[in-house]
Amino acid sequence: MKNTKNKARILIDCADAKGLVYLVSKIFFQRGLNIDSNQEFVDKESGKFFMRTVVSGDFNANDLKMELGRVLPSHANLRLVIPKKKTIVLLVTKESHALGDILIRHSAGELDAEIKAVIGNHKTLEQLVVRFDIPFHYVSAQGVNRTEHEYEVMRKINSYDFDYIVLAKYMRILTEHFVSHYTQKIINIHHSFLPAFIGANPYKQAFERGVKIIGATAHFVTSDLDEGPIIAQNIIPVNHRFDWRDMQRAGRDVEKSVLSRALSLVLNDRVFIHGNKTIVF
Amino acid sequence: MKNTKNKARILIDCADAKGLVYLVSKIFFQRGLNIDSNQEFVDKESGKFFMRTVVSGDFNANDLKMELGRVLPSHANLRLVIPKKKTIVLLVTKESHALGDILIRHSAGELDAEIKAVIGNHKTLEQLVVRFDIPFHYVSAQGVNRTEHEYEVMRKINSYDFDYIVLAKYMRILTEHFVSHYTQKIINIHHSFLPAFIGANPYKQAFERGVKIIGATAHFVTSDLDEGPIIAQNIIPVNHRFDWRDMQRAGRDVEKSVLSRALSLVLNDRVFIHGNKTIVF
Amino acid sequence: MKNTKNKARILIDCADAKGLVYLVSKIFFQRGLNIDSNQEFVDKESGKFFMRTVVSGDFNANDLKMELGRVLPSHANLRLVIPKKKTIVLLVTKESHALGDILIRHSAGELDAEIKAVIGNHKTLEQLVVRFDIPFHYVSAQGVNRTEHEYEVMRKINSYDFDYIVLAKYMRILTEHFVSHYTQKIINIHHSFLPAFIGANPYKQAFERGVKIIGATAHFVTSDLDEGPIIAQNIIPVNHRFDWRDMQRAGRDVEKSVLSRALSLVLNDRVFIHGNKTIVF
Amino acid sequence: MKNTKNKARILIDCADAKGLVYLVSKIFFQRGLNIDSNQEFVDKESGKFFMRTVVSGDFNANDLKMELGRVLPSHANLRLVIPKKKTIVLLVTKESHALGDILIRHSAGELDAEIKAVIGNHKTLEQLVVRFDIPFHYVSAQGVNRTEHEYEVMRKINSYDFDYIVLAKYMRILTEHFVSHYTQKIINIHHSFLPAFIGANPYKQAFERGVKIIGATAHFVTSDLDEGPIIAQNIIPVNHRFDWRDMQRAGRDVEKSVLSRALSLVLNDRVFIHGNKTIVF
């Protein structure tokens, strides 16, 4: 494997300490690796250090990771990722805009992920998914309780090898059991500009409040409903001529673009989760 | 006064009814008035009609208003405004960005308002105001209770003839007594993207929540704190490199531009208050 | 047909004259029609009047149109449109983002148009189109000259009944013959923030200029390349870390959302063409 | 000076080479300096390396700079800046919005610069400047040719010690002589979204083109008129109801905020000039 040109994303988060950049970059230098890109950040309040470096050259991934681990403080998180397409499973309900945007990117080879399957609690989107030769699983919530339904959804999810679960307008509330089973693996698009308008029909709430701007928030899901680390947000202006359905329509365009942007950041290992926040390089 | 070319802004809000546009435009036509601009809106939910027309020509304002009143439904709100500079009183605390933007526009003749006075609960901004030859009144809140302080502020305000009170980062909570005394006359800039982060130090809240966007909201003040009709909103993107002071700095730029835009809309009689919302033409 | 509740969009553009709003609204009033929405605009420079009214009630479309025509100045443009799905033909090359967004909206029933066919000068997008059960026609430009190719494209287009031709990233230059044959019927998405960076590979141009913002422009096509009336524009911020391919990727997201917004405005008869500009209600 | 806690901004741009981050961070580590923030970027096309590090600790600035210089490639640009208020001279004509925004920030202590003087080719803004106890120099262009006028302006400028010249809506064209005399020292706000609408009255041009967005561009001035490296850009949406004066008004708000943002970036040594582009950390 000597002449192979490898590429790796090195992701470090750990307690801040003097010399971290020096110690890490020394290893890259001594191994003759190229630094394709490099970003660091120190969160002063918590005293945490974050670093994302893309290196290329001739290296053995395990050796490199071990060597890096030796110079880092104890309890450091160290990831060495060889870039390749990640895998995702999508959960949906009835709305097609967020799912559709991801399917189109996928079919154009622009997604940086392979879609393993789409799971819906309604059949509405089955035809759309099947058009793209992707498995669709209908898991009805009719006649079963929340626990039973979620158990069935998890069984479907777990039958796939996946890196992330994407909630592309999945309109069911997830239990703490579900969320804690897939820690830091669930990405959601929230139909609002968090922390505003938490709960049902945010567009009606927004309309009734007479807002002049509609937003959307993509975030990791934690057990606190709608309160996980924010990955990306954006907005669109509205005015009094918008009824709440118009606001919903405008909101959908923001939702899908924000979810796709967040997904792209996560799939490229550009996002660190830090407590209830994210560091995005 | 026959040959004079007058201009008037006609503002109507009333229960919707068939023929309103016809009945109103008929009056303008029969009087030979020019319609310089005209906008209408019907809020279907409440069945309310809003119309703002700018007419020019030869007319007697009282006659015209009376004639219009006769064709409108009962309980209609009808305003006929001859365009001229309105008057405002500003309330401030220590921060200069919102006040400064208004002072610069004022001194360039671009404000559509005459600033009658600035009242501060701190002396910090006195020098800035005086530089522009505008009266500054320092009403200290030291050693007096809220009611006494507000009484003094109201006494100062009431010594001026004014159309609107502008809270340009006035950091005192107003009592219901104050607010109800100046109904639909108080404009505030809220240091946040309402309805998010209500309360003290919103930038610290935003920072702790890890938001990717900072907003500001200009609104009329009602007795519900931070809950009055929204006039204008805008946002600015931020990221993890912003500490809460950076967010505050970024937020100030949005605050001042949103307040100035809202003020310009109000001063040009472009804003209808409709329940807890606004119609902005 | 007496008790039927009809709806019509009335679109008027003509020389401005006193009493137009009165004369038109009088007709609606006397016929007992409801005005669902109404917007007017007078372009003072050219002395042109624009009006878009949505009325509902019991009417005969031909009678109503004739009656309206009688009160308008000569040479007035008057359209009375009964709302229904319009029909479109799409022209594409290789990129799927703009087409894909339209296909997803179409399949969700959110497009306000029926897609009659997609015509490509490459086969790249055939599979995507066929997935949605929409006819795809491949008209190769290989081995034929521009005139011959365009003739073949026009033959395909003309075999369909259509309201608009949408260039969803069609990368061939159209001849004046083509453009003048479909006056005011062709909508294009320009890969740039017009009037900047006209011509080939605008993202490379933008990159080389070191811009901090990338834009896109949807416009009607006239014989002046990239110079037709602008319908909608938007932008996305970029920075020095974007190479030109990153800029292109970012640009695509703006392109597709701007094209879809422009299309929605046109399909809802909200756009007047006025010389080289648009009035958008 | 042993116990003093110093702070320095280290700015490096040079040919890219392996080990640069290692070699530089080694020096910081061995000297026991804290890295407060650190950003790097490699422009692959030109093979150039950019690094901005803020260090704090106990150091002698000259020694540190010399040591850093020894490990960098030849022809490297190396700056070591001890943070302190920079100094600026402003050139203005008649419009007050850009100047006013800077004056307000200055008077609030938020500018990171000391304003040495304002030079105007009209007297219009004298009163405003004098209100803030800042010297104003009126250099009339009446009755003298361009060279003579510019000579006089330069004489005034050169009588001050300054870091940057800020053109805050200075409406005179500068000669190549002037520009080359202050290389990389002149910051301009362009009344348009470059590269569009170069030349006189861009708002009239924008109006005539029927744009839906108005922009502004802050850039360094080079001998190519309006073609220097872009520092910051932003936009504001407009519509058909804006005449060109409305567009100008809207444009002014963008102009002043873009100029102030660019100025803040430059004053904090966050901007590298790289050919006709900027790297902004």
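Letters A, B, C and D mark the chains as written, and numbering starts fresh at 1 in each.
What we mean here is this: a contact is a pair of C-beta atoms (placed from the backbone, for glycine too) under 8 Å apart; a residue touches a chain by one contact, two chains touch by 3 or more.
Quantities reported herein were computed from a predicted structural model and do not represent experimental measurements.
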If a chain touches chain B and chain C alike, it appears here: A, D
Same-residue or different-residue interface between chain A and chain B, half as cut-off: same
Chain at maximum distance from chain B, centres defined as averaged CA atoms: A
Averaged-CA centre spacing for the pair chain B and chain A, given as whole angstrom: 41
Length of the line joining the C-alpha centres of chain A and chain D, rounded to whole Å: 37
Interface hub residues of chain B, defined as touching at least two other chains: 37, 41, 241
Contact footprint of chain D on chain A as seen in their complex: 18-19, 21-23, 25-26, 28-29, 32, 34-42, 237
Contacting residues of chain C [partner chain D, same complex]: 41, 43-45, 193-197, 208-213, 215, 229-235, 239-241, 243, 276-280
Of all residues in chain B, those that touch chain D in their complex: 37, 95-97, 100-101, 103-105, 107-108, 110, 128, 131-132, 241, 249, 253, 257, 260-261
